[in-house]
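Below, each structure is written out as C-alpha cells.
In what comes next, chain A is part of two complexes: it sits with chain B in the first one and with chain C in the second one.
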Partner chain A sequence: MSVHAGARERGGQPGWVVVLEQELRELWVAGRGLVLCFALSILLSALAYLAATNQALNFLEQRESVNLVVQVGMIVGALLALLAAADAISGERERGTLESLLVAPVSRRQLAGAKLLAALSLWLAAYVILVPYAWFLARDLGIVGTALVASFVVGTLLACFLASFGLLVSLFASSNRVSLSVSLFALLALFAPTQLPGGARQGWFADLLLHVNPVTSGERFVNRVIISGSGWGQEFGWLVSPLVAAALFGAGAVVLASRLRLGGGGAG
Partner chain B sequence: MSAAVEARGIAKRYGTQVALEDLTFTVAAGEIVGVLGPNGAGKTTAIRILTTILRPDRGSFSVAGIPSTEPARIRARVGVLPESAGYPERQRGEEYLRFHARLFGHSSASARAVARALLEEVGLAERGRSLIETYSRGMRQRLGIARALVNDPAVVFLDEPTLGLDPAGQREILARVRALARERGASVLLSTHLLDEVEENCSRVLILNRAHVVAEGTVAEIVRRAAAARRGRIRVPPEDVERSLQTLSGSGAVQEVVAADGAAGWLTVQLAAPASGSADASLNAVVGVLVDAGVPLLACELEGARLSDAFLAVTGGA
Partner chain C sequence: MRRLCIWATALLAAGAMLSASAAAATDPAPGLSATVDRAQISTQLGRSFEFRSTITNSGPNAASGLVAHLSVLSVREEPYVDPEDWSPQRVVFLDPIAAGGSRTLRWRMTAVDAGAFGVYVTVLSKDRSAAPAPNTPTIALRVSQRRTLNSGGILPLAIAVPALLGALAIMLRLRRRG
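Let's turn to the complex of A and B:
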C-alpha cells in the first residue's frame, strides 16, 4: 500500500486552517511580521517619549498625548494589515505560486479568507504592542480602559475594512505593484482629511464627509472618547461608518473571492 | 478500459481570441499522452481547463471518472505541474510538500511521511531541509513533480516539465514521468516541445495548432497520416548522376528529382504519395528503378519519418 493511501481517512484539517497556519508561519516565523512589529515599537517609543516631554513642557495635554499614541498605533496597525492583504493574492500570482494553490481542493473563498485572517494578525500584534504605551501615558488619567477598548474596537474595524479592501484589490490586480499602489493610495486618500486644520472640517458637507469616511470617522470617535471624555452612546454615530465599511468590504472580499482568477482582472 | 480523461467539444475564448475550439479526446488509464503544439496553440489552456483552473465556454469533460461539474472532486484526484511554476523561495523543500499534502487532507503526521517519501522518490531526500532558493532549476522541477504527487493522483498533468533544463535534466525528468505511469499506474498528460522525447515516451500524441486538434493517435499513426508524401535522399557515384536523374524522372514513384547542391552524388527525391502502403514502399520502388537501370546505390535514406517532421507537416511548419 502506498504511503498516500487512506490519507483522507486520516483526518486532515480544513483547507482554510492549513492555509492560515502556513500564512502565519511565513509571516511570523520567516521574520517579516516581527521586523514590522519591531519598527512599530520603535515608532511608538519615540512618540511616547516626545508626548511625555511635551506634557512636561505643557505643549500637549496629557489626554492629547494618549490620543496621539493610540491613533498612530491604530493607523499603523491597520496599514500593516492592508499591505499584507494587498500582497496576499497578487503576490502569489506574481511569484507563480498561485496556480499550485488553485489546483488544491480548497475553495477560493477559503483561500482568500485564510489570507485575510493572517493579514489581520498584524493588526492584533500591533495592538498588543500599543497596550503598554497607552497604559503608560493614560495611567494617571484613569482612562486606560477607555483608551484601550476604544482603540481596539475602532482599530479592529478599520483593520478589517482596510485589509478586506486590500484583498479585493489583490484578487483582481494583474501585478503586485498595482495592488500595493492602489491600496496605499486609497489609505492616504482616506487618511488625509484627518490632517486638515479644524477650520477646513466645519460645515454640514465637511461633517458628512467625515462621517462617511471610515478612517476620519473612527479617528473622530477615539478622539472624542479619549480627549473629551464623551460616552460611547453619545458618539456612536461616528462608529457607524467603520462598522458598515468593515462589514461590507469583509463580506465583499469573501463573496468575490470565488471570482479569483489566475491572471487577475477578467482574464481566464 | 475506462477513460482517465474524456474531453468533449471543449471551447475557450479570451475576448475575441479563440484559445481552444472543439477539443475532443480521451486518455486511457495508465497511458502517457504527449500534448504537442507551437506556442499559443492552446496546450496550457487545455490543461488549465481539465484541471478546473479555467472554465470552458463550451463542452464538457471528465477526469478520473468525475464530471466537470464537480471541480473540487477533480482537483482532489489530479496532480499538476504548471507551466513556469513558481516556488516559495524561503520555504524548505520538505515544508513545501508537507503544506501541499495537508491541503489535500493529510494530517500533519501523514503529510510529513508523504513529503519524505516523495523527496526520496524524486531524489531530493538529502536536500529536503534546504531552502528552495538554493535549488537548481532541475531540482525545482523535481520538487514540482513531487508536489503534483502528494495526493497520489489518478491523472497527472505536466505542462512543459523540461522547460529550461539541460539535456541531462530533460532525460532525468522524462525518466521520472515514465516511472510515474509504470509504478503508480497514473495517466500522464505531458505538454512539451521535445518531440523526440515524446516519440520515445508517449503511447499517444495529441497535436494542437491554432486552438484546434490537428492530429491525434499513436506516433506511428500520426507520422503515417501526416507525412504521406515525403522526400528521400539517394547517393550514387557522381558520374551516374545524370543517368539517374533521367531514369527517375520517368518513374511513376517520383514526383520530382534533383541533384543536391554542393553534395556530389546525392539526389533529392520527392516521393509520390503511395496509393496504398507507406512511404517506405515508395522509396523501395525508387531503389528498384535505379537497380533495374544498373545504377550502383551508395546510400539511401528516407526523410520525414519522424514525429518532428509530422509535427511540422500538420502545423504548417509553425
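Let's turn to the complex of A and C:
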C-alpha cells in the first residue's frame, strides 16, 4: 500500500480515512475481495441447493439446514476477515512497503484501525452474500428475521475478534508465513470443540470451555436461537464471550499497534 | 445419532412387547395408573403443542423411583420418527408419589413431520423393573402438511449470485488491465 506524505490533509479527511479508502480500493478494486466472495457464493449455492431440494428433511432438519447455511456463511466471512487482517502488516513488511507506510503522517494506531476496518469489510460482504440464501431457506419456516439478525450479531462479533487477533499476530510476526500459520492454527483450535460429540460436551468443565471459547459460544447461541427457537434473553449467556473477546482483542490490536516496528517482533 | 435412535426405538419396542407379554401373566404395577388429558390432537407441521399426563398412585404405599418416558411413533410406515426431534425433553424422574396421590406432567412437543402418529407416556419403576409398566392411553396425533420448504427458485438463485459476483470480478480485472 502506498500512502503519500500529504495524505492527512487530503480533502480535510483524517489520516485513517485515507488509509481505509486506499485499503478498500486495493482489496475490492484489485479483485481479491471479489474473488473470495465469488468462492463463498459457490459454496453457499451448493449447500442451499442441497438443502432446498431434499424432500426427506423434516421440519426440524429444515431449521438445521438454515442453521448450517447461516453458520457456514458466518464462519467463512469471519475467516476471510482473519486472513485479510493477518496479512495486513506482515504482508506489507514482507513486500517491503511497510517502511513507506510508517513514514506517512498517520499514527500507527490509526493505521492499524484502518486496516482492521478494511479486513472487516470482507465479513460485511460475506454477510450480504449470505442474505438471499438465508432468506430463501428460512422464509417458509418463519425464521428469516431471527436467522439474519442472529447471524449478523454473532458473525460481526466473531469477525471483530478474529480480525483483531489476526492483526495482533501480524503486527509482531517477522514474516507473512508465520502470521498466517499462527492465525489459522488458532482458528482451527477454536473451532475444534464444535466438532466434539454431544457426550463430550457435558459436565461443568466442558460447559465452561464452551462458554469461554467465543467461537463455540457464538455457534451455540445461533444454534439455540435458530433450531430450538429460544429467546435472545434466555440464551444471552452464550453471547458474553464473543462480546468480551471482540472488545478486548479489538482494543488490544489498536493499542498495541503503537509498538509496531519495521522488522516485526516488537523491536526495531 | 440416527443409529442410536433406531437402537433406542428397537429397545423400547422390545421393552413394550416384553411388558405386554408379562401383563398377560401378572398384574400391572399395583395401584399405579397413568392417564392423559386428551384423546386426540390435530395440528400443523412445525407447530408446537402440549398435553398433560397424570400418574396416580392408588396403592397403599408411596411409589418411588418412577421414571416417565414420552414416546411417539408413526402408525404408518412413513415417515420415519426420530422422537428426539419431536421433543428434546422426553424423560422425567419423578419424586415419590404418596399413597392416594398423583403427579401431573406437562409434555411439550413440536410436529416435525406430517402424518398420523401415536403419542403415549410410559411409567417405569426403577425398584420394580420386572413389573409391567403402565402406559397412558395413546393420543391420536394428526399433523397436516404445511409448506415449509419451497425448492422452486433455488436453482436460479444458486446460479445468479455466483454469476453476478464472477462477472463483477472479471469486469474489474478487465478494466484494470485496460
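In this text, the second predicted complex is superposed on the first by the 247 of 268 C-alpha atoms of A that agree within 3 Å, B and C clash if a C-alpha of one lies under 4 Å from a C-alpha of the other, contacts with A are read in each partner's own complex, and residues count from 1 in each chain.
Criterion: a contact is a pair of C-beta atoms (placed from the backbone, for glycine too) under 8 Å apart; a residue touches a chain by one contact, two chains touch by 3 or more.
This is a predicted model, so every value here is computed, not measured.
Student: Applying the document's definition of touch, where does A:Leu141 land relative to chain B and chain C: first, second, both, or neither?
Tutor: A:Leu141 contacts chain C only, not chain B.
Student: Where does A:Ala30 make contact in the superposed view: on chain B (first), on chain C (second), on both, or on neither?
Tutor: A:Ala30 sits against chain B and chain C alike.
Student: Go through the superposed model and pick first if A:Gln62 touches only chain B, second if only chain C, both, or neither.
Tutor: second
Student: Report for A:Leu184: first if it touches chain B alone, second if chain C alone, otherwise both or neither.
Tutor: In the superposition, A:Leu184 touches no partner, neither chain B nor chain C.
Student: Please work out whether A:Val18 is in contact with chain B alone, chain C alone, both, or neither, and reply first, second, both or neither.
Tutor: First partner only, chain B.
Student: After the superposition on A, what does A:Ala48 contact: first (chain B), second (chain C), both or neither?
Tutor: Second partner only, chain C.
Student: When the two structures are overlaid on chain A, which partner does A:Ala247 contact: first (chain B), second (chain C), both, or neither?
Tutor: After superposition on chain A, A:Ala247 lies in contact with neither partner.
Student: Residue overlap on chain A between the chain B contact set and the chain C contact set?
Tutor: Touching chain B in the first complex and chain C in the second, residues 30 of chain A appear in both lists.
Student: For a test of understanding, state which residues of chain C touch chain A in their complex under the given definition.
Tutor: Where chain C meets chain A, its residues are 1, 45-46, 79, 82, 85, 88, 110-113, 147-151, 153-155, 157-159, 161-162, 165-166, 168-169, 172-173, 176.
Student: Given the complex with chain B, which residues does chain A contribute to the contact?
Tutor: 2-5, 7-8, 10-13, 15, 18-19, 22, 26, 30, 95-97, 99-107, 262, 267-268
Student: Please name which positions on chain B make contact with chain A in the complex.
Tutor: Spelled out, the residues of chain B in touch with chain A are 14, 48, 51-54, 72-73, 75-76, 78, 80, 82, 84-88, 90-91, 99-107, 109-111, 113-114, 117, 147, 150-152, 184.
Student: In their complex, what parts of chain A are in touch with chain C?
Tutor: Touch residues, chain A against chain C: 29-31, 34-35, 37-38, 41-42, 44-46, 48-49, 52-53, 55, 57-62, 129, 132-133, 136-137, 139-142, 198, 228.
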